[in-house]
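In the two assemblies presented below, chain A is common to both, partnered first by chain B and then by chain C.
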Partner chain A sequence: MNAGWTSPTVALVAALLAGLVALPLLVTDAYILHVMILIGINVMVAVSMWLLGVTGLISFGQAGFMFIGAMTTALLTKSLGWPFWLALPLSALVPALIAAPVGRLSLRVRGVYFFLVTLAFGQVVNGVFAYFQEPFGGWYGIRDIPAPQPASLFTTLNKVPFYYLCLALTLITVGVVYRVSRSWFGNVLWSIRESELLAASVGIDVPGTKLIAFVVAALFAGVAGSFYAAYFAYISPLVFTFEYSVNMLIFIVVGGFASIAGPIVGAVVLTLVPEMFRMTGKYQLLAFGLILILSMRLMPQGIAGAYAAFRARRVRSSLPARAQSPGMDRET
Partner chain B sequence: MALLEASGLTHRFGGLVAVNDVTLSVNAGEIRGLIGPNGAGKTTLFNLLTGVLRPNEGRVRFEEADITGEPTHRLVRRGIVRTYQLSQLFAGFTVFRNVLSALHVHARAGFWAGLLETPATRRQNDAQRERALEIIRFVGLGGREDDIAGSLSHGHKRLLQIAVGLAPSPRLLLLDEPVAGLLHEDVDRMMALVQSLRDVQGITIVLVEHNMQAVMRVCQHITVLQFGAVIADGSPAAIAADPKVIEAYLGVFENDAA
Partner chain C sequence: MTLALQIVTSGLVTGLIYMLIALGVTLLFGIMRVVNFVHGELVMLSAFAVYFLGVGELGLPFALAMLCAAAAAAAVGVICQYVLFRPMHYDILNCFIIGIGASFALRSASWAIFGPEPIAIPAVVPGVMNLGGVFIANQRLFAAGLCVVLAIALYLFLHYTRPGKAMRAVEQDREAALLMGISSEQVYVTAFIISAVLAAVGGAMLGSLFGIDPEMGAEPLLKSFIIVQIGGMGSIAGTVIAALFIGLTDSATGTLFGGELAFIIDFAILMLILIVRPRGLFGYDVSH
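After this line comes the complex of A and B, so read on.
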């Protein structure tokens, strides 16, 4: 079931990985490492949102789950003095545990109503954390969240350890989501997208499957949130907003829905673009908007979709025509 | 022995009684026809039997077990599979992937199985590929494995629906108008296929169909519905001669009734 690996893709992924691991040796500019870390956080959230998105559901509650993860880390490390390394797994677990009942309720409704329920959930999380000064810090948020251990390594001035931690967490997230998306379970998610009615009538537990995807998405949003808290040392309700969830959706749409490359490419490009246009000052958002519109017009299947189509054209011109389908090809 | 038994099934949509006190018993090895004019409640009855709808009243039993209101996906594991009236398919998938996906209940398909794929999982799931090809050949779609389902002709879509319905290895297959919109020779082919499902694979079949000739030919036993209630039940010959059935289909002249 792991078909579809063409040799240029393998080479590309290998080169990218090598480049990412070697980056801190080549680049000493802290700003660049900071941007890379931002990208890593966004990739984690976008990829986890994509897994649920495969079934055709977009959850606008991702920022809420990320906030829960970040809050868990903040409270455990700052108020209780736990080490980050213990807080991290718990910060993944808590959003996942909360996602289970939230998912059971919200997955009863479909389409736009699901957007609305998850949106409301995100707002409720935000509202609760903003309302209670104790212990959540209210609108001011929580400052001075301790860095991971050892403290001598994770200092404010040295971004390299944070970079590697972020890289590791991002690779784990992407690896797990990729593997699952290419497995039979992943195919089940695609089947549900194609036809829920038929999926149920061949024995697929549609609500149960969606719930698992929802919980897994929340789990990785929690991981991203936990890292966010440790890296920025500051969290507040102004960070994990509805707009943040919308950004994640934009990443997926611009990158492309068809494969996991979509949310990754989207998160990378759309985190970089606003940074590159920073010098345009007040026109930064304008440029961002323009690029969004252009990419939708020119690449309706997303950047990854456009690349796949380009590769398919090249392959087709050199080989006899063959159906291209991800994952569940006849030949393994 | 009765494989499927429904007793006193009633379902209302608001004030409309779509299915009214229907009692039905299907024996193992039968091809049962379910006919009736438009709006007679055939599809609603199917939905009640397959867990898509929960009846307001009445029970459904399968192999003696009460399955009333059990969700569709669990009924599939018991051996009850249905097809849909409209060409419900995984339209964006290839023919092969449609059937492979429909083999779900035979696969190790869980989240953990996917994440921690063991050689055993892989072997088991690879075995399903062979099975998918067999089923595709059985329904006569051999050579079309890589075609996208949505681009198939209407007749081939119908065949693929049967293949998808066969994949979970049903013991009872409920077919909702499998020959609707098919040309004459395709109707014959489909009916021969339905017959062979029973004869070769031993699957009990309940068939909703508008095409009377087709139903009369393959079914030994026909149930007629009108306004949600059973008005006749018996052999094709008895049904064809039943005045209530003729009236339901052809209507009756005012002066005749007088």
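After this line comes the complex of A and C, so read on.
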């Protein structure tokens, strides 16, 4: 794990925050703001997925929970005419409520079995929404989802309000997940990763702890989905696919599992790079597949892990010579 | 009555093909605890191989094209083992993730190379048979027969040949097998080859019944995951029973309510199994 609140880290985070808040004042290009919003959505989902990933479990149903959140917002605001601000908390709550029984069942199995069950769950959410034309819109999805209120502010052409909304939601997500991962509860999660048996033997309710992490992850995926629906005004089963969940996993693997910086760095880098090269659709999958293989082979601790190792090496090399271990133990 | 029989026969045929593909998944899992995500892409690639060898300018006879495709699939399988799974030390979670990467890369490369036009392998035995009012395409019977023959061959191989016995020994206790002078690495290579060959035949059969496209590997792979989980990972008998069961339910729901509902029903069955018996029908303890 990283060193905690050293002053350079605080300064860096503060500067980054100031930059993010001031960005719309400096940049007026709508495209750049759009990319920033995309990054924000991806960071929310990746970070929520990472929280459960801390215990060594990866939920391949994350896109499914995001879809449930997006669908809740779409149905409430479009069909029932609710304001977005009421739909948003409900869109977080509904996936969490669904996650509770699903997690209770799927956490009965461990490791790769859990991967497979959550994978199947994501497919089923997608399948159900695609199967029922009423009220989910079937394969065509739902169009013309109303923007948040006041409508005069959140217009299609003005990205700035959406940018600030996205920034706020992302910061809340990252902040809460960070606090949780650093709390007593977070320590319990890490202990489960190290040794599930040992954790259970000192009286930790292992399934219960995992379940809470699973539900919290679903909750924030729902928030991301809700924002997605309001921002794009269009959702369909072709968006929230298994591939989407895997992309989130790739963000975490490339960024690194060891700290919350991992999923954030991964999401930022891997959202920016395809945008810069204008890669689309199938070719992006090709590139992401290769990136996943390469980073598993060459950089098993991700960018954040490699950076931490680099810093540690610099500190160490300034000390008197000492036997160095490569320190590349594999983590997932 | 005829409808019921029709559902049962077509369900059994699909179930047998799924069985062949799922057997490859369960074999690798049983022996080295690897969930091979590339398996579906092997299915897809060999279907394309059979098509281009047997239908294009080459026009090889089906059996020869099938053999070449199986050899190619085996080669890809072994390459995957050496490049992906061995460097991960066959760690189950890492292998799963890196396998997804390879699967995505292969699938989108196939989109780029083969394009989206749907093609199909022509039936080896054309025509339709009338079995007491139930119509069934000869090609389906052929596919079902081939699957049964291969499954029996796999059983005989595992129980009556030296490499097969070595495989089961490694499955039961890797270290004890090592002490008996069985190289587990060699057994792994054999297992990857067999698994890839099963995928290749499954791919050719799927390609001749339902057409070929770069996405064709995804659904059988998901189905195999559900099947091996219901049957119990690593259990051959469980895989056979679960595959036929899933084939029948798919056929019934597909005919009565439409194909998209079939997957939801499968998942419901899977969830039910997890509640009642998390290790599957015949599986090991799941404390991975």
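In this text, the second predicted complex is superposed on the first by the 290 of 332 C-alpha atoms of A that agree within 3 Å, B and C clash if a C-alpha of one lies under 4 Å from a C-alpha of the other, contacts with A are read in each partner's own complex, and residues count from 1 in each chain.
To be clear about the criterion, a contact is a pair of C-beta atoms (placed from the backbone, for glycine too) under 8 Å apart; a residue touches a chain by one contact, two chains touch by 3 or more.
Just so it is clear, the model here is predicted, and its values are computed rather than measured.
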Message: Contacts for A:249 in the overlay, against chain B (first) and chain C (second): which applies, first, second, both or neither?
response: second
Query: With the two structures laid over each other on chain A, which partner does A:130 touch: chain B (first), chain C (second), both, or neither?
result: second
Task: Could you tell me if A:183 is touching chain B, chain C, both of them or neither one (first, second, both, neither)?
output: first
- prompt: On chain A, which partner touches more residues: chain B or chain C?
  reply: C
Task: Determine, under the contact definition given at the top, whether A:118 touches first (chain B), second (chain C), both, or neither.
output: neither
Message: A:191 in the overlay: touching chain B, chain C, both, or neither? Say first, second, both or neither.
response: first
Task: Pick one for A:62: touches chain B only (first), chain C only (second), both, or neither.
output: neither
Message: With both complexes superposed on chain A, which partner does A:72 reach: first (chain B), second (chain C), both or neither?
response: neither
Query: So, A:205: does it touch chain B (first), chain C (second), both, or neither?
result: first
- prompt: Across the two complexes, what residues of chain A are contacted by chain B and by chain C?
  reply: 330, 332
- request: Give every residue of chain A touching chain B within the complex, in rising order.
  value: 1, 176, 179-180, 182-188, 190-191, 194-195, 197-206, 212, 216, 322-323, 325, 328, 330, 332
Message: Per the contact definition, I'd like the list of chain C residues that touch chain A in the complex.
response: 35, 84, 87-89, 91-94, 96-98, 100-109, 111-112, 222, 225-226, 229, 233, 258, 260-261, 263-264, 266-267, 270-271, 274-275, 278, 286-288
For the chain B and chain A complex, residues of the former touching the latter: 50, 71-74, 76-77, 81-84, 88-94, 96-97, 100-105, 107-111, 113-115, 117, 122, 125-126, 129, 133, 145-148, 164-165, 167-168
Query: chain C touches which residues of chain A in the complex?
result: 56, 58, 105-106, 108-113, 115-117, 119-121, 123-124, 127-128, 130-131, 243, 246, 249-250, 253, 282-286, 288-293, 296-297, 330, 332
